[in-house]
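So, here come the structures, one by one.
Same chain, two partners: chain A is paired with chain B first, then with chain C.
The block that comes next holds the complex of A and B.
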């Protein structure tokens, strides 16, 4: 059974006079022990999905979904308290910018201590409890590769460098020994050396603790090196998802292909100084979303039918939403659509 | 930290000097006889005039006059009032505590009501409770203080006859002034019927306190509400929510401090508005404070009194403002960065 499953999630943002569908029928599954990458350009709604999973939703947003489940239990139907318990123990998040995700007025030590669940404290007396908490904190810092914990424990967030704060964020996320870690673009804007460190760290926890990771990013290189499967997001719609290998080898959706083509490191036979292939145009803004398949205006394959939202189809665990997919395996019969009357 | 202290101490000393310098120059700018302006005494004869001129060193240079002024100032030798011929130091020592008393009570009311109300309505914003709080704060903030005070007197004193119209305490009670704070003085004194005196003083306090506190409360509500609303949308609050902390935990550990720190200087600045309002209200309720005293002095062109009164009030406001600034700097960890930064 999938650990986390999202089916047909639509997220409305109420922007005063009109309501926009910032996410439309998004599907996502995360299995036990799996690293799944959620890929998309900025503005494609990756962070919105994360916020929807967390349930941290501003007043002017609303959510509709067939289901959002954690281990088969619906997150949408449970009480606030139940959901809080799950967030406390089972799901942890590492945010985009560690500097703003740490409370600026509380010392690092206190913040880590706070994220250790009370259940882990076995001592009876308050002073012993405090000592135990402290030991656990040091332990956590060591686990994420911060050796000289003394240097940072007494600091305030603005006094420490970004990569260390990111490690601290990971330490805080791991404090409750969660089953799922959501890394929301955690390596954005980092130097490649630090980035590799962070990625290795995540990979290590995935391997040793069977930690399932939802890795949100637009960094294709990082994704292909560590993720097992990936979901591609364009403009609030999931366009394709499946095993990383099969997606790389044979992208079915024009957007996935364009995304891969635009990254030079995936093109073996790229002559020097040749032009990179990109799609025409830019990502539409939330106010001017095209109807039907949102890639429509930019898609080289677009035809009349694309004004209808394509239904997701599944071929051997490879999910895609496109009326006219690229190189389809030969033996699959693609249903021919009736022409849409306009 | 030490550097911070030195900086602020420096600031205070320099500002005090500047204020004193200004007050020293004031008599030269006032119309009328310079000697009377400074001494508060209108000389009867030429002999007395000369003696006074010598006493105030008016025959010496401006600098030695200033030094003389400073000496007198620190010795508590503030001259006499033109109008009553009483010692100014004694007069101010009598009236200023009454003002501070009102300021303190009004700020206590504003803080204990305004800040929690702001937090509650900011946390639950856009519900009926929040709307009524916001409406109250806008309405209350729009009232002119003097008008509000008059309405209070009309309604509660004249119509309903619940509360007295003026003064600090009924004339029947004779409370010796020790600290200048009426409630403390009653408590310290050994007059009979202490309980009644206490009750009476409280009744006298209610209307002036409320008329001053309402505006400040409204302001506090608005600042706090805005601030907590901003903070609750910050990423670290969302992060705290994502860690499954309870609402209480999030608010008390992460919301409260971060919401208060940035607005603390603004809140503290309201004290000067508060003092201005208190001075107006004093006049209306004949509260024997420095505001009423100053306004009378202004009516009577009692220049020595104006000079000292203004100096004391501005010193008070200044020291209060700078020390709250200092306090904010000291407790805000992120602010210290600016101090320690070197180029």
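The block that comes next holds the complex of A and C.
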């Protein structure tokens, strides 16, 4: 059974005189022990999905979904208290920009100590409790690969480098031994050595603790090196989703292909200084979303059918929504593909 | 071909004042020296805090260097430097005044550095905007009306408007999304081809460094520990730091191909 399942999530943002569909019928499943990457450019709604899962939603947003379930229990029907319990213990989030997610006025040590749930403290006497908390904190720091914990425990967040604060954020997220870790753009702006370290760390927890990870990023290099499956998001619509392997081998959606082609590291035969393949234009703003398939105006093979929203189709767990997918065996089109019932 | 930029043993010390009883923290840049040919692209790579941004600032003249000299096209370092070397800052979006239109931002640069009159300035601005792939109408736009990619283009326009010979860019691609990043890379390649610009840039993205740069400088603790042709540095890295950087990158790329073809 899927650990986390989102079906047809639509998120409306009320912007004064008009309502914008910031997410449109997004589907996402996360199985136990799986690393799923959520890929998309900025403004594609990655962070909105994370916030919808968390339930951290401002008053002018509203959610409509067929279901958002955690282990079969619907998150939408829960009371605030129940939901908080799940978020506290089972699902942990590492937010974007660690430097701003940490409290600037509290020492690192105190922040980590605070994130350890009370249930983990077994000692009866307060002074012993405090000592145990401290030991657990040191333990956590060691687990995320910070060896000289003394150097950082007494620091304030502005005194430590970004990659260390990223690790501290991960330590705090792992403090409650969650089942799901949501990492929101954890490798942004890191140089490759540090990036590899963070990825290795996440991978280690995935392998040893069966931690399921939702890895939100647009760093394809990081994603393809560790994720099992990925979901590609464009402008609030899921365009393609499936195993990383099959998406790399044969991307069916033009956007996925453009995204993969845009990284020069993946092109072996690319002569230096040659032009890179890219889509024209930029991602549209929420106020000016095109109707139908939202890639329409930028898509190289858009035709008049594209003003309709394409129906998601599924071949062997490879889900795509495009009227004119790439790499399609022509004669078998109607036999092999079955429409997903909505 | 002679060098258009010659950096000779520049040094600079950055001092951060400590708290009441704590010691001052100092960071020493240099001695750094390298030279650059016309139309060449140089990439500066290195870990965080290795002095890359300081070097870029020193090149652009935003720092007063303590020792050494920066020679431009064999001229002595002087006022004309501001017209020959232009800089693109790390967060181009934050570097614009939100209250001014793009036209007035660019016009300010011209007013301070050239003797053009109003009409000539207007003409020059429109020409530059078209050059970087924007429209003439963007003259009247404000910062918030533009997307990330367009803002990056305006930043490039501001650098290009004085017809520089060298552009220094601090992480020009870091904040951009993949498709916009490729567009910007293409634009820079095109402009370099047309105008014969020298381009010095700092980047974490080894893939892009490998793709567009002719030479690489690897920095650590304020000094250049390795420099050479991009291909040589990446195929035969000599220092441990470079090996680590390259190894980390190639590992990720290899995993990609294993996934793809396995």
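What we mean here is this: the second predicted complex is superposed on the first by the 328 of 342 C-alpha atoms of A that agree within 3 Å, B and C clash if a C-alpha of one lies under 4 Å from a C-alpha of the other, contacts with A are read in each partner's own complex, and residues count from 1 in each chain.
Following the convention adopted for this analysis, contacts are C-beta pairs under 8 Å (C-beta built on N, C-alpha and C of every residue); 3 or more make two chains touch, one makes a residue touch a chain.
Bear in mind that the values here come from a model prediction, so they are computed numbers and not experimental data.
Contacts of A:97 after superposition: chain B is touched, whereas chain C is not reached. When the two complexes are superposed, the chain touching more residues of chain A, out of chain B and chain C, is C. After overlaying the two complexes on the shared chain, residue contacts for A:314 are found with neither chain B nor chain C. Using the contact criterion defined above for the overlaid structures, shared-chain residue A:87 touches chain B, although it does not reach chain C. In the superposition on chain A, A:130 makes contact with neither chain B nor chain C.
Applying the stated contact rule after C-alpha superposition, one finds that A:139 touches neither chain B nor chain C.
Within the complex formed with chain A, the chain B residues making contact are 126, 233-236, 238-246, 249, 253-254, 257-258, 261, 332-334, 337. Interface of chain A with chain C (complex): residues 41-42, 161-163, 189-196, 218, 220-222, 224-226, 244-245, 248-249, 258-259, 262-266, 270, 272-273, 275-279, 282-283, 285. Partner chain B is touched in their complex by these residues of chain A: 51, 54-56, 58-59, 84-89, 91-93, 95-97, 100-106, 114-115, 156, 158-159, 172, 176.
Chain C contributes residues 45-49, 147-150, 171, 174-175, 177-183, 185-186, 189, 204, 206-208, 210-212, 230, 244-245, 248-249, 251-253, 255-256, 259-262 to its touches with chain A in the complex.
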